[in-house]
């Protein structure tokens, strides 16, 4: 018989993988251009609503909606990047914060208008809702699949960054933007592509999140805080950092709510503050 | 034997496998004008960052006069008289020229903590700020906002900010960098006019300035001090020529000066 | 404009900045108008004055020292609950309540300032957010003290100065809030025009340069952060005392974000920006109080995007640019 802690670790790790998908794009783009994009989770929310709409209104199977969530979020993010973000790469922190908070508010209102403010359930097939018992503990199939998808994507990301030309450009731009430009790398274009990919991943994360945490218009703000914690604790521009920080945060959150429900979220913020004080650039951040 | 104004011993710094400073030992006697030259990437600005405390050394010690300053934070070193200017202007864009220098004077005189008396009452500080500006020909421009100044005047303001701290040792990082020829006359006059009480070390690529103002030259290459001597000695030193000419570095001015001074 | 050799001219520049401009005097006289013209809206007016004071406290750290804080409501809440609890447990004298609130919020501000002063950019924003959220959680869990979701009950404010009873129409409330606002405004105005104020602007303009001119920036930041926290605490206490109600949303993230919007709307770094922003925002919210909260946030979002893309210095900044264009021949 496995003690319940393994169940907690499993659920926590699954939640962490979700947070990873939501955060990795934000971490890399922040590390590259130092652009604080608080609207990142609005793209995640978009992905979630795309999945919900496709499944409930058009009867699509769940897995078919996932690429659409990714693409929709990526495409919309490109639009925002062209229209607004591009002008603010050199702007102050405050301006970036304000612009992107404004976009969050708009997205929340639009979501409420189009979809209403109630939580949206997903009509998932039975096998995805089931769980299997292993050594006395119940493990949800959905969470297992989510972990598998996240790990596959992590592998894909790491391979891309380490072994492709594009990945080398990303690494160079994150490491030293000015020098990368000096070497002839089109940093703006690399950033635009990375931004689109990161937002797409957020959209995918949003789609996967519906079953785990539910979806309503406040998603964009609620999960923003978690994403920011993952990004700042993990370190800007680091995929490894996001992975580790997300896993830590996911496990701490689930464990906290299970073992000490009274203080729950307080612990998360406290740990974040302590970690940031110890490593202001994040666990895997530069310099 | 009085201690040198500024001295370093065995200063070293590396970033991973990149060695930016190794075994730097320098002694600057008081009042002397030193030039620090070397090819790009030799570690000259890094040395200034180490001396001013913006970078922490991996090994070695730094002395200002009698006292060791290796462990002191940057603002404490400034208070003891070690000040630098920046190669790329680091000014206060929306403050006026007078406000910028007054700020420095107030910080130096430790009145910057007071929040109950109004600035207008601090006539000593304002007068001193204005005097510094006037000596650098910035008097008429003193109410202009910094970001509206022409580049040459901004460079002068860089120096004014440093002078307002009443430095004992002044580190100038390429003071003439980016200043068009027409505007550099005032700048050169300002450097020439620096008081003999101040020990000056300046990084320069412009060999005109080096030969005009420096009485001694230090050459740095690859994070190490290659050689030190008078400008004439350096110009004829075969090692220096090899570094600048042999490795194909395109420092035309130095090549011309060196070839002009060849025996 | 030629400058004479006399040294008086530079001093005149500084003293001219501290003189009260006619438009300022008009502004403060105008704040008396509600007594005569809008007697039905005095309660709203006192809410505006309180929000204006809160925004002023944020302006001190944001507009003048460059600290972007997403958690300033924490100090507002601490002050509010300090005054509220003091009143609930027997001491409802308003002015001492303000002093207690300022002290409590100031202490919390002072403690957190030691962490805040060491960071910039994202880490700083996250820390302010983290502290704010932590306090929110604490207040939530300490329901036995704070009253939790139901809010704090039993606040009763005594007569102001032993004579003026807080009436239902808000006369005393507005007069009280307005006087406190004015007094603290004058204080802030003096601070801005002192050498300390100049240092703060230096920190905002070029943080990296400050140590290189020998400035102890961290000590400066700690000081202004503490002062700002105390001021926000006084604003919170005013709210608790004048409305005799208090709930957890006084220290929530929404309140911090809203405050940022208000300050930026009016224009940060101009002292009057927070006041102007508070007026416009609160009046607009009162006008549109009927609509769904989401739609309100939609227009706030549009406003934010517009301000950032078109009016980066807020309304006052835009006006300043316009008047500069008019005054040039």
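Letters A, B and C mark the chains in the order given here, with residues in each chain numbered from 1 onward.
In this text, a contact is a pair of C-beta atoms (placed from the backbone, for glycine too) under 8 Å apart; a residue touches a chain by one contact, two chains touch by 3 or more.
Just so it is clear, the model here is predicted, and its values are computed rather than measured.
Peer 1: Among the remaining chains, which ones contact both chain B and chain C?
Peer 2: For chain B paired with chain C, there are no chains in contact with each.
Peer 1: Which one of the chains is closest to the middle, using the mean of its C-alpha atoms?
Peer 2: Centroid comparison flags C as closest.
Peer 1: Averaging over Cα atoms per chain, report the distance between chain B and chain C in Å.
Peer 2: Measuring from centre to centre gives 42 Å for this pair.
Peer 1: Let me have the rounded angstrom distance from the C-alpha centre of chain A over to the C-alpha centre of chain C, please.
Peer 2: Roughly 34 Å, centre to centre.
Peer 1: What is the distance, in whole Å, between the centres of chain A and chain B, each centre taken as the mean of its C-alpha atoms?
Peer 2: 47
Peer 1: For chain C, write out the residues touching at least two other chains, lowest number first.
Peer 2: none
Peer 1: Under the definition above, what is the set of chain C residues touching chain A in their complex?
Peer 2: The touching residues are 62, 68, 70, 115, 118-119, 121-123, 125-127, 129-131, 133-134, 137-138, 141, 257, 260-261, 264, 268, 292, 294-295, 297-298, 300-305, 307-309, 312.
Peer 1: State the interface residues of chain C toward chain B in the complex, per the touch definition above.
Peer 2: Chain C reaches chain B through residues 1-3, 7, 10-11, 13-15, 17-18, 190-191, 193-199, 201-202, 205-206, 208-217, 219-220, 223.
Peer 1: Which chain B residues qualify as touching chain C in the complex?
Peer 2: It is residues 52-53, 73-75, 78-79, 83-84, 86, 90-96, 98-100, 102-104, 106-108, 111-120, 122-123, 125-127, 129-130, 139-140, 142-143, 161, 164-165 of chain B that touch chain C.
Peer 1: Okay, in this complex, where on chain A does chain C touch?
Peer 2: 30, 34, 36, 84, 87-88, 91, 93-95, 97-99, 101-110, 112-113, 117, 217, 225, 228-229, 231-232, 236, 262-266, 269-270, 272-273, 276-277, 280-281
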